[in-house]
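Structures incoming, each one as structure tokens.
Look at the two complexes coming up: subunit A is in both, with subunit B in one and subunit C in the other.
Coming up: the complex of A and B.
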């Protein structure tokens, strides 16, 4: 959480995070929040299982989903996005 | 009059320039590269511009189409000139495609206390990032032979990401508010 958003403390659970996934051009959130400080390895494991089982709304079941080359970004809550966000995304090297 | 410096006039940068043509700010374009035939498929450069500098190409297009005069720096941004090129900007936009240059832009903009908006694309047209300042960390370039954005197959998505960049820049210039996005082919999420 940003220092200048101290008023957010107490309004949200700062230890939890939504997990947003982009896979094959589809996008969705894990149904359950996870610990914001969960390791990248654990996040990768959870989302791989979820996508392979088709339990991510917005992302079609894909039994071969592989996130080993994906990037995991973490964004602390802000006033305009009052929840922590863990984003799992493909690499974006171009501009 | 505010000043926007747009670094990188390729797939994203050329379209951002097009979409910022009526923003209430003076635009400066920075890119050392020249237009190649393949660029025409995915960038806002015409066949007549092949061989010209990308900066000159955009300057001429914006002048011809809209009567808009923009400043241009047709040189590579390096540590020796970055401070001079970026000084005086109210906003820097990074639309580059390599880690070293992106880090240079971010470092110098931060040192000069200039807000920096970054845009980045996945090569398969499946994801884009529009992020501010320290939110952004550049991804390394893929190896030789990997997919690129050059074939133009994903031109509409390039345009979508460029639109979010231009929108974020416009909101910042007019409202002094920083908004960022994660962009995918089915929509975008605020960051």
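Coming up: the complex of A and C.
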């Protein structure tokens, strides 16, 4: 973590995170923030429900959405992104 | 004609301090002020008509009306009487002081003054500055030099010591309040900055709406989500496709994406499944591509197709 991030630690609610999802080349955010330390299993469950119900703005409803093989990256808040981010994206060919 | 006749005919006036309210009191006599009240606290002349007093106008101070006159030290608008004891804590000092009204302008800190009241229960009114006892000047120097005690100054009375401690407390309180205000301003600025940034970054959907009118702003915000820095863009030969250059972890990359959905059309790095030969580029968007590149870099699997020099 760089110096800027260290400075922000005291200023940002470190317990919450926004969830950004990439699904089928579309991108959107969960409407609600989640606990930054929520387990991968919980995050997968929330986003699967959200995409299957069409409640993620920017991602079309997909009743068969399956995130079981997706990668979940976690990024702590920075000076330029003042909130924690959980990013969900497809797996790459290399892992 | 007796003085009682003069009072009855309203020919009698008095000079009195006034610090608020409609009651005037001198010794055991009380009058109610009828009509206008003074605009500010001060010394005024009032016309007396029976039990009523009417404002006539400002007057010079008349200390003859002050009773129960005491001497002491002035700290702000508090009067520390010379009978004050050596204080153990600030609360003790405050209990031994009274607010003093109508202090002359220009009276310095640790000035020895006298003050009195027009009645037993009336407010304490400034009378005049008294001759100092000696150590006042040195006590003022100690304060200005930032000392916390006057133990080194000779002949300091308990009252002067109490006044000094009050001034030290006031000085510290001013610094504390200033820091508190600065902290609040800083917090407010930080909150505003965060709101502006969040507004600028927007949501995935907002970025796509933005892309319709301002591709650069949308691409910049999308890349920033995962920590990449937008550098430039240009239209591609393909319809509705943009070539975007960005910086990630001090390296420059280039990719192509759909100008409206920000969906990657050419990642600029190898995302081909070598077993099936399938390209994975269009599974990603400008928001998620930097994460993929970081993973490839971390795993030593990064192959860059679009070189930037």
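Convention: the second predicted complex is superposed on the first by the 88 of 95 C-alpha atoms of A that agree within 3 Å, B and C clash if a C-alpha of one lies under 4 Å from a C-alpha of the other, contacts with A are read in each partner's own complex, and residues count from 1 in each chain.
Definition applied: a residue touches a chain if its C-beta (ideal position, glycine included) is under 8 Å from a C-beta of that chain, and two chains touch if they have at least 3 such contacts.
Keep in mind the model is a prediction, meaning the values are calculated, not measured.
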### Query
Just from the overlay, do subunit B and subunit C fit on subunit A, or is there a clash?
clash
### Task
Go through the superposed model and pick first if A:57 touches only subunit B, second if only subunit C, both, or neither.
second
### Task
For A:82, select first, second, both or neither according to whether it touches subunit B, subunit C, the two together, or no partner.
second
### Query
If you count the residues of subunit A that each partner touches, which comes out higher, subunit B or subunit C?
C
### Message
Looking at A:25 after the superposition, I want to know if it touches subunit B, subunit C, both of them or none. Which is it: first, second, both, neither?
### Response
both
### Task
Go through the superposed model and pick first if A:15 touches only subunit B, second if only subunit C, both, or neither.
neither
### Query
Of the partners subunit B and subunit C, which touch A:39 in the superposed model: first, second, both, neither?
neither
### Task
Can you tell which stretch of subunit C bumps into subunit B once we superpose, 56-64, 182-190 or 218-226?
218-226
### Summary
Footprint intersection on subunit A (subunit B / subunit C) at 20, 22, 24-27, 58, 71, 73, 75, 80-81, 85, 87, 89-90, 92-95
### Query
Considering the complex alone, what residue numbers of subunit B touch subunit A?
8, 10-13, 94-97, 102, 119-129, 135, 137-142, 148-149, 179, 182, 184-187, 189-191
### Summary
Note: in the complex, subunit A contacts subunit B through residues 20, 22, 24-27, 58, 71, 73, 75, 80-81, 85, 87, 89-95
### Query
Of all residues in subunit A, which touch subunit C in the complex?
11-12, 20-22, 24-29, 56-59, 71, 73, 75, 78, 80-83, 85, 87, 89-90, 92-95
### Summary
Interface with subunit A, subunit C side, in the complex: residues 187, 190, 193-194, 197-198, 201, 203-205, 207-208, 222, 224-227, 261-264, 270-274, 278, 280, 282-288, 291-292, 294-296, 299, 301
